[in-house]
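Following this message is one structure expressed as structure tokens.
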Amino acid sequence: MSELNVEDIKKILPYAEIYKIYKNKFYAKIPKENWIDSARRLKEAGFSLLITVTGIDRQNFMEVNYICRRPEGNGLVIVGTQIDRRDPRIPSLVNVWLGAHFHERETFDLLGIYFEGNLDLRRILLPEDWVGHPLRKDYKW
Amino acid sequence: MSRVREIFNAVYRIIYGSLLATYAATKYLFLRRPTIEYPTQTIQFTERYRGALEVDDNLCVGCGICAKVCPNTCIFMVPYEKGNPAMIPEIDLQHCMYCGLCVDYCPPGAIYHTHVVKIVGFKRSDLYLSQEKVTNVQELEYK
Amino acid sequence: MVNDQQTSLESKDIRTLTINVGPQHPSTHGPMDIVVTIEGETIIGADVKLGYIHRGIEKLCELRNFFQIPVYLNRLCYVSGMFWEYGFVKAVEEIMNQKVPERAEWLRVIACELTRIASHMIFFASFGADVGNLTLYSWGIRDRDRIIDVLELLSGQRMTFGYFRVGGVRYDVPVGFEDNIEKSLRYVESHLRDYERLTVENPVFIARTENIILADSSKALELGWTGPLLRATGLKRDLRRDEPYAVYDTIDFEIPTGKRGSVLDTFYVRIEEVKESIKIVRQAIKRIPSGPFQHRALLYPPPGIGYAHVEDSRGECGYMIVSDGSPKPYRVKIRSPAYVHVMSLPYILKGLKLADLYAVIGAIDPCLGEIDR
Amino acid sequence: MITELYLPPFLYDIFKSAVATIIAIVFTLLNVIIFIYAERKVWARSMQRMGPTYVGKWGSLQLIADLIKLLSKEIIVPSKANRVAFLLLPILVAIVSLMIAIILPYDYVVFYTLQIFQPLIPSVSYLTKFVVSNSFTAGLFIIYVVLGLNPVLILLTGWVSNNKYTVVGGFRAAAQLLSFEIPLLVVIASVVVLTNSLNLYDIVNMQQKVWFVIVAPLAFILFLITTLAEGERTPFDIPDAESEIIAGWNTEYSAAPYALLLMGMYARAFFSATLIAILFFGGWLGPTLPGFLAPFSGPFWLMLKTYFFMILFIVIRAAFPRYRIDQLLSLNWTKLLPLSIVNLILVVIAKYIVLSLGLIS
């Protein structure tokens, strides 16, 4: 179980800006077009355990992240990309990881990010008739 | 022949397992039970147990740190007496979650946990510890 | 409980029956609704509805200072509160690059492993109730209470501990703590044999649980499972060993694994884990060094992003914290293992019998506090 | 005393059976209360709890309090249920269950226990003439038939409640009880092979030298399993699995109808315990008690054995989880049914051995 370093991730995601956030943990910023491609590459490189899919409201843009891990060995990558805040759309990862389905549902519920290709994008934690997405910074409660 | 042995083993395991399970359940019929009858006997709280908050008004300097650190904002600073600028905390026990942050951050140690847990009331306002109540919480305990 | 729109006798498709298991049901361990479609006794479809105790903890965290948050997070899962405090504290420490005194690390290990025992005891208890053996329920609660007594001695509260602080722990060990722990561990240990007699050696229990396969290891990874459920499929994966934190890399313990990922395997894995946890606590008590238990620091984390993981009793408890340099976190994402497991129910239930559903829920051991957040 | 009333013979018979019936039913109800109390207490001890403690000494009056509470509550009928059938079925279940009480020797137990007072009240000895349970020449057959009525009633109970859980529970009950009747019949037949009689008194008297549990141990095990299943006791309490389908076929019942259903279920379990004692453990046979207790020895041994099996049922409930319905049915059809036929053959062989040894006549 060797430690990962930035070069290893760079080999998998050549188009990404990579930061080391802690031992064995990396943050990779990728362009929006490579969203699905990066997931496929990571999965092939051994990062086959999807921890979660989530998003951050950065106020002038939205950031979507997914976090994955290597089940054989160590190492964790947070992949993030920026999307338009007024029309937050991003392709779904369901075809890469089956388990992305419910994380995407939750992200849609709380942040209002539409995952295109996820056929079951309903609210999950909030009631179905809820108005607004509470984890957005401009949400009034 | 091995098939016969297999069946024999399976039957043996079923009978032996059933007897073991019955034995395990029967064993406890004759052992002392660890429970106590609640209203007649009560458990002893440990030293660090976090019960209802109490304020020692001799020590309190009225700094208001407890009200600032309270995550639920259930501590309110009010004037100690009419016309006296000194402040003393009042506590809304309905919203208190006994986290103990106020106790940790109080500089003179004037606010502390008692082992009182049974504070009851008929109205919601009964659970609001005004400055008369907050200095002797022990007397409010429901006996 | 009964779906009013489609009662059994008025259903158009007379062969199938839709049953709402929940939100108030003895076996869902909390307010959770599983809409099951059955044909005879066989499940042909399921849907999970959550959110009945959604308290918006992620939003609450954005509105509180860093030092106030850990006392909220133990409410996430009220049977394993220590882990959830630890995950947050660890994430903040990673952003701040804060060193933790060694004694504090050992105290954290003790607290976490005791909580793991207590949480698994609740698992035995509720699983027993789910498959119809209420004796196990009582026994689990009994043994858990002994562990909780020790945790109360340590932290001052029985379920919502508030024990972790950024840079250490809140209290040092109390007087006579070692004897108390040893007594409680012996008490729990003396009963473990009877748990085995009543469960993994009981022919009825075996018949009931052995043929329910939750998932094989590839499907479990695909769905993102972690913790005892993943270990039951035969994959030797434990964050304490793979990504060691605290002082776990110096502790000697085994990682129990199952064979096929059946419900019986998850039970077996958990019983073995309790034994390993007892071993870890004993080692920790022997090896705990003296020194400070807390390193106080100003809680102004620099801007940045941090992810911390803790091997919870249910799987990987993860916190992604985004800080913008202010005393409040910008965003806290809580990754709950039980959420993943519960939401994968529709993928694993198809073809099982109705009675298996309750065994599966019991094996997943959902904790609705952390699922709904 | 009463024989001196010079009633016409048929009226005298009716009077006699009425007295015996009432006595048997009252005795059964008393024992149901004892059963439930014992279950709560013994089970609690096994779980290291206390069980009821407040009402009465050691909580002994708790069941009476519960009964009063149940009877004084409002009877709630679901709006979609068939009202008449919904209210009628619990009564039928109770009646059908209590019918067995007359065939089992409970009047014998009561009347012979009263013989202890013979030195004080000599006329008590007349009461022994009032025992009617010895007159059922086909008693075992009637018990089997009455048990056979139960699945229909339970299925109907689940059906008329018009709730999904009750329907599922009712179908489970029907499948379970109907299929378990076949091995039960074969096992009962094996006892009849041994005794050539369907009368319970004959069956007990045949066991003077050797109990049938020694002659036919397999039959005893099969009978234990099948009666547990017929009485819906754990591990076969699938129709009213409380953690799965709320309460199964009796989900919608409350108040007095629920008390009747509960009474029927516990009465059946109590009858099972008595039947095991009678068929395999020599009934009231046992050493005579000393002194003035001598007339009490028959009832004493019978009830001792009955209560022993009652406690066994409770311990089994504490030790085992619940089966699954399809596993249960496959257990029945693939294991119990062949085994019961094997048992029948074994019993025939055993009968010749026992006959040649002169242990039964």
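Lettered A, B, C and D in written order, each chain numbered from 1.
The rule is simple: a residue touches a chain if its C-beta (ideal position, glycine included) is under 8 Å from a C-beta of that chain, and two chains touch if they have at least 3 such contacts.
Just so it is clear, the model here is predicted, and its values are computed rather than measured.
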Comparison of A-C and B-D (more C-beta pairs in contact): A-C
Identity of the chain that, by mean CA position, is farthest from chain A: D
Rounded Å distance between chain A and chain B, as computed from the means of their C-alpha atoms: 40
Chain centre separation (chain B, chain D; CA means) in Å: 48
Rounded Å distance between chain A and chain C, as computed from the means of their C-alpha atoms: 24
Centroid spacing, where centroids are CA-atom means, of chain A and chain D in whole angstrom: 63
Residue list for chain D, restricted to those that touch at least two other chains: 46-49, 318-320
Junction residues of chain C, two or more chains touched: 135, 142, 198, 202, 204-205
Each pair of chains that touches, named by its two labels: A-C, B-C, B-D, C-D
Interface residues, chain B side, partner chain C - complex: 13-14, 17-18, 20-21, 23-25, 27-28, 34-35, 46-50, 69, 71, 97-101, 104, 113
Footprint of chain B on chain C - complex, ascending: 64, 67-69, 71-72, 135, 142, 145, 149, 152-157, 160, 162, 170-171, 174, 194, 197-198, 201-206
Complex contact set, residues of chain C against chain D: 1-3, 7-9, 17-19, 25-27, 38, 41, 128-135, 137-139, 142, 198, 202, 204-205, 207-208, 353-358
Touch list for chain D against partner chain C, complex: 43, 46-49, 80, 162-165, 167-168, 172, 234-235, 237-238, 241-246, 318-327
Chain B-touching residues of chain D, taken from the complex the two chains share: 42, 45-50, 53, 315-316, 318-320
